[in-house]
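The structures come next, written out as structure tokens.
Look for chain A in each of the two complexes below; its partner is chain B in the first and chain C in the second.
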Partner chain A sequence: MIPKKLQNWKPEKGFPFKCGLEIHTQLLTKHKLFSQSVNVPNCAPNANTSFFDLAFPGTFPKLNPEALLLALKAAAALDASISTTSSFDRKHYFYFDQPLGYQITQRFRPLARGGHLQLSKDYDDVLSDKLINIEQLQLEQDTAKLNYDDYDSLVSIDLNRANVPLIELVTKPDFENLLQVRAFIKKYLGLVSHLGICSGDLENGAMRCDVNVSVAGGDRVEVKNLSSTSEVMAAAAYEYKRQVAQLKESIPVEQETRSWTGTKTVRTRSKEDAVDYRYVPDTELPFVHLDPSIADLIRAQLPEFPETVVRRLRNAPYGLEKKYAKFLVESPLHLEYYYKLHSIIVGEHKQPSKVVNNWFVHELLGAFNKLGLSPDFTMLPAEKYAALILLVQNKEVTSTSAKLLLLAMLQPSEEIAEMSVEEMVDHYKLRNAAEAETGDLKTAVEEICKEIIEENQDAVEKIKAGKHLSIKFLVGIAMRTTQGKVDPKLFDETFKNLIYNE
Partner chain B sequence: MLRRGLRLLSTASHDPYNCLISAVQPPLLVKKSGILAGLKYVAKDNICTTELPTTCGSAILSNYTSPFDATVVSQLEEEGLTLVGKGNLDEFGMGLSTMFSHFGASVNPLFVEKRICGGSSGGSAAAVAGGLADFALGTDTGGSVRQPASYCGIVGFKPSYGRLSRYGVVAYGQGFDCVGILANDVATTKKVFNVLNRHDSKDITSMSETTREKVREASRPITGRKLRIGVPEEFLLSEVHQKTIEQVESILHKLIEQGHTVVATSVPSMGRLLSAYYTLATVEAASNISRFDGIRYGKSTSTTDLSSLISGDALIRKNRSAGLGREVQRRLILGNYTLSAESGDNFYRATKLRGKLVQEFNDILSFPNFLTNLPANEAACDVLIGPSASDKAPLMSEYESEVKRNFLNEYVNDVYTVPASMAGLPAISVPCEDRAYGIQVIGQYGDDSTVLDVAQLIESLNSSI
Partner chain C sequence: MSLSRILCRSFGTSPILRKGVINQELNSLAALLKYLRTPTGCVHDIIPQIKSNSIVNDDTVQKMIRLSGLEIESTSENMQMWTDALNTQIGFIDHLRDLEDGPSECIEKASEVFRLLESDHSPQKFLKLSELEEQVIAFNADAEALSNEDNFVAKDFIRSRVENIAPMTAKQ
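So, the complex of A and B:
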């Protein structure tokens, strides 16, 4: 879906928009980049810190090979050329968030250079196909997190984030409009989370982005430290507008660094007082030597890319809508479950694909949502869920009953934990009344309806007075009384018969 | 600063020479087993110990105790050894006199008059020379073990780079830093070396098992062999004192008498090394010492000014200005200048010269260099010999005024020791017949055993008179 505001966004005539991105994403490793501390967000402040993370003297960095592998996967996925020799450098600056007084990064020999990501009209929210080229990809450390408490005049430093592995992706300044910028970030994050490289969890700061904007070939202005796609969009749009306005008054745009306040960009540093980071090779870390064949080896092991998977899901035999296909691809667990369900219901039992799509997307995910739970598929194995869906398809259980049963199964209960779907259906007496003798059913339904009419005379009066829809109210009561075992259509007909024909 | 140091010396010191910054009180009982049984030792105060603080001779770490022991300390502990105290040093190892310590200067026990004990491992050297310990651990970046050993009349051994673990050793210049051993004799030095000479996976620069194995296979004891000993002409600078030359020559004569060959040789790059060394070492120091900001540990000036917190570097600047001594600040400025974009390619050129130096040593030493993996020059020398310092230890008062006149005087004394540091070679200083003077033996990278053997030979020549 393309937001209207962006769809209509176009650079002004005579003021072409040029933009590049630097995207930092945290890697989903078990441990930090250069220490043995575990890498988990959302824990007590400073709980996951080692002597090295705290920059105690006498400690050394040691490269975590898992971080290297994940970074290589990203490089391979972007078709970047992986350096056979890469190395680490120190970038110096003093700040509370930087325990060593420098950040270990890759300045002189990055892990990979080149590469690209294709934005397509069909798959991404762009108006035409566009290739975005990659400048380089490097490994580096994250910094500590600072929390400012103005009231108590305190700055608290949380070093859990210090030394968490990041990959920094630098694009060429290939973006010509905001839609492309947005589509790129979404696609890149989708790709790295699909490949298990990064959590893509923006809420927890898994991504930070710097955006470079220049107008009509002028100097570039960098807006630093944006933490969501919408911030990047807003900052880039604002910066474009600001520069155009300035150029229209014949004031040249200077190269500078700015930051985003939430409503506008403000100058942090001009070119003159730019920080000299005093880069130097880090001789405490050995060179990373890689076999030239590593790119091919890694590429061969990568799972299918999201775009390929989405394309398949949209076509037969799946026939999912694009948005649901994309949603599934974003979480490998969802996708795996969906495939399993599909293979049982469509593959083995030859039911139409839309049955699976409906029961998975609307009913199952909807039920988790209704219960306020995040999807946990271990609560309901695909085989079990498939059995329930098949009961509905075979008209042994009404879909209303099945939905109630689904909710019950997603709530922990010792009573039914060990039961099969069949046993549950019997336990709750949900087996479709259609199975019972038709004559008996009719009589039973009539009896129930009569009783309800007796107890709800005011509603009956309203219906007789012309409010025909109130009949649904009575059907609702009947369904509740019978726990959804009876087809609501049968109740509807019986009520109509009893009320209008008497 | 120097004056304050001397005052501190008379009041707060743990010993007559102010060689210890902290001491274990009361001294622990000595365990009596193992090859080092019963020996007491001092660790330089830039080697991390959990038992005593690790101050690096700096105000900024004056309240710092490490939560872990350095590998070398653990190794000695496993042998049942007793740490008696932490040796004084020039702040962060930056100096050659142990005059530049926050805890005051150390005095040389070898002399009645007040002479410097050299540095930066001056406290370690003085502790051994003064009888407070049987041996001491020091660190040698550009000569910081060999030069104080020479001044204090004891043995000071800097092994090949990477031989002994640096884990838990506060880095000055990590590309040069070596843990070294100071002792009264070579035999003790060898015993301690044998305990510490292990690969450590916690230290990424530790010499690999493979290299150690290759070296072991290539090594041969010197007993019964006629050695070829080279004397690089670059060592015989005009600054070398006549008495020093006499002492070194006397030993060379005795070696010749024993049938060994002494040849003049040359390491042409040596003359240009000092500036390259100070370029590289100060760059590494400027980077390494960045972490001492008084924020997570160490001394901090208190602040209630939130704006200084928000601006970020104001508090850090305050802490560092107050917590780092003048000589350290001077070297950090030097290093940061080299690191800065304006300084051009000094760093690169210094690194290149280092490579050239290694090649020159390879050309004149017969033992193969297993790092460069080039064929060895069989006809070349087993070891190189030269002075450890230009003269005996200067008087404290003389030294103080010289450094005051020009701080570069503090730097030039490294000229004899820096070559081995720059090339990562093992080198040892052994007392001459007059113990106020030291002679230096340098060997090929990895050939620590030959260096120690030759040192023991020289030692025996002294006592044979």
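So, the complex of A and C:
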């Protein structure tokens, strides 16, 4: 869905918008790029470090082949031309986030050049199809994370991120509007997440972006270090507006680097003050010589691309909405879980697909959201969740009870951790009352309804006066009274009988 | 082994000296000293004359001063002196490079000439996908094994440094 703000955004007449992106993406390797420290986010500060990450004298880098393999997968997926020989270079600068005094990157011989990503009207929320060309793709190491205190008086350095493998993707300046920029970032991130190249976890800095904006063929301005799609959008829109205003006043736009404060871009340095990084070839890392057949072999091994999977998920037998299909494709773990659930409920038990879709998208993901947890499917194996859904389908528990049980399963106590779904139903006494003798149930329901009617005469008067929907209020009270053990339809029917036929 | 013998042997067998020329045999200290004291050329002769299209100009010098963070008075005389000096040095570097390899693209060569990595100088071995996949498995297994043995903890290291330094500073 296109946000309203962007739907109406277009470049002013006479001031064409031109934009290119540099996207840094963390690779999902087990270990760091040039050391054997583990690569895991959200750990205690400086827990994932080794001698090389701290730049101890006498330590040497050793290329992690997993990072190379993942970078090659990204290059192959983007149809880039993989270099048979690539090498590493040192980019020098002195700052707290870089203990070595230089960053190891690929300046002179990047891993891959060229390639493209196609944005399509059907899939990508753009107004027309657009091909975005890629300049190059290179491997490099991430820097340490600096944490400033509230008063900027103390900086603490967390070296867990130092030497984490990154790929830097540089696009050609092919973007003509903000919708294309947004669509490209989302599609690229979706692609690398789907292929297991990147976690896609923006909150932990898995992707950071620099955006280059120029107006009407003028000098380009680079806005650095943007950490989310919305930040890129806001910074690019602001920068375009600023440059147009300047050009209207006949003030030329100067080539410079700016940063985003959250509300505006501010000048960091001009071209004159550009940092001289003194690039030199790294003398400690050998060249990477790749067999020319490697690109084709990797391409052949790549799984289906997100677009193909989304198309399949939108059609029978899945029938998912586009936005949910795209959501699933972005995380291989989500997708795998969904397939498993679908195969049990639809494949084995012949229930309709919409049952799985509703219980997966709305109830399960909704429950994680409600509890403030990020989805972790190890907490609830697909088989166990399927058993719960099937109990609802077989009318052994009501959907209200099942939702309560779901919440309990996602925050398990020791008491219920080992219980099966059936045992949990009995433990919480949530077995559907419909299993009781039909006559007994009907009498009990009638008694409950009569009591509620007596206590809520105001609502009853409103219903009689024509506000028929107010009957849901009474059903709600009845469901709370019976702790969701009775089918709400039965209450609805009983209330209607008692009120209208009185 | 005496110093003179080491020197004689080193010079006598130096691959640089052997490259393309037949050397006189240096089997005594006197022969060595004679060899060293006999000029084969004058550095000043080979330093090129400064040309008007030299690559170092005022802008370059200004930028170097700015990046160095030094507070230097950049009068026109000083600027001229530094520009000339830097152009002379670059001219000499170019001369040495031409002597070694003949004219060449500096970026292409720099990484190969000055690197001492064995793999750079052995015949190129192209990595196949199957080999890369094997390397991934081996690397991760190796790292896993190491993590079980490795006791390095950054926090402890920093603490130990502080503990070592504290008594010294207290003494001072």
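Keep this in mind: the second predicted complex is superposed on the first by the 346 of 502 C-alpha atoms of A that agree within 3 Å, B and C clash if a C-alpha of one lies under 4 Å from a C-alpha of the other, contacts with A are read in each partner's own complex, and residues count from 1 in each chain.
Note that a contact is a pair of C-beta atoms (placed from the backbone, for glycine too) under 8 Å apart; a residue touches a chain by one contact, two chains touch by 3 or more.
As the structure is a prediction and not an experimental result, all values here were calculated from the model.
The superposed arrangement places chain B and chain C in clashing positions on chain A.
In the superposition on chain A, contact is made by A:L100 with chain B only, not with chain C. Of the two partner chains, chain B and chain C are each touched by A:F51. In the superposed model, A:D276 makes contact with both chain B and chain C.
Touch criterion not met for A:A112: it reaches neither chain B nor chain C. Contact with chain B, but none with chain C, is seen for A:H92 once the two complexes are overlaid on the shared chain. Touch criterion met: A:D150 reaches chain B, while chain C stays clear of it.
When the shared chain is aligned, chain C comes close enough to touch A:T84, but chain B does not. With both structures placed on the common chain, the touch criterion links A:L290 to chain C but leaves chain B unconnected. Clashing C-alpha atoms between chain B and chain C appear in just one of the listed stretches 44-52, 242-250, 278-286 or 296-304, and that stretch is 242-250.
Overlap of the chain B and chain C interfaces on chain A comprises residues 51, 54, 159, 276, 280, 283-286.
Of all residues in chain A, only 51, 54-62, 90, 92, 94-96, 99-102, 148, 150, 153-155, 157, 159, 276, 278-280, 283-286 touch chain B in the complex they form.
Chain A meets chain C in the complex at residues 30-31, 36, 38, 46-47, 49-51, 54, 64-66, 68-69, 72, 84-85, 87, 108, 159, 273, 276, 280-281, 283-294, 297-298. Residues 63, 66-67, 107, 110-111, 114-117, 119-120, 124-129, 132-133, 135-136, 139-140, 142-143, 146-147, 150, 152-155, 157 of chain C touch chain A in their complex. Listing the residues of chain B that touch chain A in their complex gives 47-48, 54, 56, 61, 64, 66-68, 70, 166-171, 174-175, 202-205, 283-284, 286-287, 289-293, 295-297, 304, 306, 309-310, 312-313, 316-317, 336, 339-341, 347.
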